[in-house]
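Two complexes, one shared chain (subunit A), two partners (subunit B, subunit C).
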Partner chain A sequence: MAFLTALVTLCLLQSSAALYFHIGETERKCFIEEIPDETMVVGNYKVQAYDHNVKDYMPVSRDIGMHVDIADPDEKTILSRTYAAEGRFTFTSHTAGEHVICLNSNSSAWFNSGQLRVHLDISVGEHAVDYQQVQAKDKLTELQLRVRQLLDQVEQITKEQNYQRYREERFRQTSESTNQRVLWWSIAQTLILLITGFWQMQHLKSFFEAKKLV
Partner chain B sequence: MDRCFPYLLCLAGLLSFVVCSEIDLTVDIPAGRQECFWQELPASTTCEIDYQVIDGGDMDISVYVAGPEGRVIYMEQRKAENVIKFTSEGKGDYKICFDNSFSTFSNKVVFFEIFIEDGQSDDDDDEDHKLAMREDYKAMESQLDMTVEQFLGILDRSKKNLERSVQVQTLIRIHEAKDRNTQEANFFRVNFFSCFQLAVMMVVGLGQVIMIRSLFQDRRSVSGASLRART
Partner chain C sequence: MYTLAAFCVVWIVAAHCVFGGELTFELPDNDKMCFYENVDKGVQATIEFQVITGGNYDVDLELTAPNGQVLYKDIKKQYDSFTWTAQYQGIHTFCFSNEFSTFTHKVVYFDLEVGDDKPAVEEMGSHHTAMTLMETSSVNVFESLNKVVDHQTHHRLREAQGRGFAEDLNERVLYWSVGESVLVVLIGIGQILVLRSFFTTSTKSYSRL
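Let's turn to the complex of A and B:
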């Protein structure tokens, strides 16, 4: 029974094959996530440092942690914490838009003494939900869990669609504003050109008349 | 760009049937630098990477994909968006690098998605079969008006279709982000250059008048007639 549950939930969960990248000790890397509001985002990371003896990346022995900064679309910091070398960070968005997740190691080195390998996995929305926990808490059968997962997926899709409508409206406003401005700037430039030409001729005419050349 | 969009949609749809593993990230690549990402792939696995530049400069980026030994599998220079499909030969860490070193000023925002084909669809069918054999589920069949296997089949198909919807939504979101950034850059350029042009026009107009005045003011001793003859 438990084995079956594990099998089912394993397939329900998207297999989190994490990506890794190298970051210098004083370097900062940022990732952008464009998400609708009230969406949960979970990030899992693991840091490894290069060990010259083994000539490979091993888990960090020194006290290196990762400082995580998360900014919301209005550039206000919603999370700024230092975590251990391996950990996870979670946040729920309150405004829809582009959130920026920045990582940098809190190493006190003044220059890049080595490269750190960071494994990162960012899950958004219903991918971030731990269905094993949900099943244990609400005591659901496998069928109920599958239906619950479908319901969560549909809810996420609806939220994303609403956000898309809002974004399209903003895009349309910018387009229309640009369209109007192109017209008004052209008219303004033509008028100013005519006025300047007119003023130039008048000014020079009166100047030459004063000099008795005309 | 518009020609690529339906192609990308079809590809996303096709891939959703077998894909069980997907990673997507949006990165900001500074000017003159390259950013690399490694992903561990098992042997003989089909992997697909699609990337799009959504903001910055000329909206293009160079890409190369290298295998575990460092051999370059794929390379492309300065493209706005592309789909890379390859099959991994051996098990190992494959590297994908986005190269912005050709650009001196503009940083690029690149969205990329990695789809790794898993062979999990067969395991799903076995599981469904095991679930259908359970006694308490069989009792539900009268309520459901169909067999448990059929019901599980419906759930599976719904899940796959919803996953495809999510992928299409992601593509639409990325295209919209790219268009929005282009439009905002447009807005800024129209305002800035119009203002600049107006200022230059007025300065030139004033400059011309001052120049002509200064030409006539310096030669007070010369008579009007000779000036007229010369000009």
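Let's turn to the complex of A and C:
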């Protein structure tokens, strides 16, 4: 049983992503995901530190973890946790919009002492669903699983279309607001110019009359 | 129990097939961001990128093979898509550069696809018998829906780009209008003050004489 648990854990660990990039130890890197509401997002990551002895990137032996901050479109933090050097984070969006996922290592160094290699993979919506689990839990045949996958895909497409409609409305509102602003500010500036000119002439006239030049 | 173990073994083996990824990140001015991906020999990969916000909506991209050969290098591109077949197995590097820009940071979206899509469940990928008509239809629908999702992503990016520019324009119209109004009033007052100073000094000099 313990062997099986270990094997399953090994399976989960092995599915870490292969796309990676380098960041400094104290550096913070943010990624933006524009998603509709009620969408699940799963991020898998793995951190490796540069080992000067081996001249290569090795799994972190020190207590370096990854601090993950996730902000919703209203800039409210919905997740702020420190995870181990390798793991995954999950969240479901409740508002449609741009979510910002920020990663930084919780290293206590004061300056950039080393480079970290971060493997990252962010899956959104139906890509984040684990169909192995779904099949095992609901005991579906292969065809049923395929249909389930298609249903999830179509649901995600519908959500994205709804979000698209809301975004276009916002775009239209912004354009109409610009149109209004250009109109009213042009009129306002013309009026300000006329009033200023008028005030100038009035002021000069009273000034010359006071100076007995007129 | 042994099926689960077998599943896991197959999964470990299969999970080493790379699949790339899509990310949207912010590239500060004068900065360069590199990503690395392991691609096997003979595998076809596609890199696609688009600049969503920032300045002239352009960025430099350089794609390097494991042996140092530059596969793709272009400057100040807004959007591009490049497909290549890996000649060597190893780490391919692609770097986005905003070093030509002095103060505009850019938001860049890229999508790296390596090889074919992984099937959701392992047994869907390996078929010992021919697929039934239902299964073939569902595969076709799945691929069509993938294309729909792809089109949706492109539409979303274009719309985000347009919307970002419109919101920027809206703000700029307000700031410049307020600025110009204040400037007009200040210049008006300034003109009066300067004119008054002409007449004030001349009467003083007249009285001295």
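We adopt the following convention: the second predicted complex is superposed on the first by the 196 of 214 C-alpha atoms of A that agree within 3 Å, B and C clash if a C-alpha of one lies under 4 Å from a C-alpha of the other, contacts with A are read in each partner's own complex, and residues count from 1 in each chain.
Please note the rule applied: a contact is a pair of C-beta atoms (placed from the backbone, for glycine too) under 8 Å apart; a residue touches a chain by one contact, two chains touch by 3 or more.
The shown structure was predicted, so the numbers you read here are calculated from the model rather than taken from an experiment.
A.B. asks: Let's test your reading of the overlay: on subunit A, do subunit B and subunit C clash or fit side by side?
C.D. replies: The answer is clash.
A.B. asks: By the touch definition at the top of the document, which applies to A:175: first (subunit B), second (subunit C), both, or neither?
C.D. replies: Both subunit B and subunit C are touched by A:175.
A.B. asks: Between subunit B (first) and subunit C (second), which does A:19 come into contact with in this model arrangement: first, second, both, or neither?
C.D. replies: In the superposition, A:19 touches subunit B and subunit C alike.
A.B. asks: With both complexes superposed on chain A, which partner does A:196 reach: first (subunit B), second (subunit C), both or neither?
C.D. replies: Once the two structures are laid over each other on A, A:196 reaches both partners.
A.B. asks: Touching A:145, do we find subunit B (first), subunit C (second), both, or neither?
C.D. replies: The second partner, subunit C, only.
A.B. asks: Please work out whether A:32 is in contact with subunit B alone, subunit C alone, both, or neither, and reply first, second, both or neither.
C.D. replies: Once the two structures are laid over each other on A, A:32 reaches both partners.
A.B. asks: Is A:67 touching anything from subunit B or subunit C once the two structures are fitted on A? First, second, both or neither.
C.D. replies: neither
A.B. asks: From the superposed pair, tell me which subunit A residues show up as contacts to subunit B and also as contacts to subunit C.
C.D. replies: Shared contact residues on subunit A (touching subunit B in one complex, subunit C in the other): 4, 7-8, 11, 14-15, 17-22, 29-34, 121-122, 142-143, 146-147, 149-150, 153-154, 156-157, 160-161, 164, 167-168, 170-171, 174-175, 177-178, 181-182, 185, 188-189, 192-193, 196-197, 199-200, 203-204, 207-208, 211, 213.
A.B. asks: Going by the contact rule at the top, pick out the subunit B residues touching subunit A in the complex.
C.D. replies: Within the complex, subunit B touches subunit A at residues 20-23, 25-28, 35-40, 93, 109, 114, 116, 118, 120, 123-124, 127, 130-131, 137, 151-152, 155, 158-159, 162-163, 165-166, 169, 172-173, 176-177, 179-180, 183-184, 186-187, 190-191, 194, 197-198, 201-202, 205, 208-209, 212-213, 216, 224, 227-228.
A.B. asks: In their shared complex, at which residues does subunit A touch subunit C?
C.D. replies: 4, 7-8, 10-11, 14-15, 17-22, 29-34, 120-122, 131-132, 135, 142-143, 145-147, 149-150, 153-154, 156-157, 160-161, 164, 167-168, 170-171, 174-175, 177-178, 181-182, 185, 188-189, 192-193, 196-197, 199-200, 203-204, 207-208, 211, 213
A.B. asks: Which positions of subunit A touch subunit B when the two form their complex?
C.D. replies: Contacts found on subunit A: 4, 7-8, 11, 14-15, 17-22, 29-34, 121-122, 142-143, 146-147, 149-150, 153-154, 156-157, 160-161, 164, 167-168, 170-171, 174-175, 177-178, 181-182, 185, 188-189, 192-193, 196-197, 199-200, 203-204, 207-208, 211-213.
A.B. asks: Give the list of subunit C residues in touch with subunit A in this complex.
C.D. replies: 1, 4-5, 7-8, 11-12, 15-16, 18-26, 33-38, 107, 112, 120-121, 123-124, 132, 134-135, 138-139, 141-142, 145-146, 148-149, 152, 155-156, 159-160, 162-163, 166-167, 169-170, 173-174, 177, 180-181, 184-185, 188, 191-192, 195-196, 199, 203
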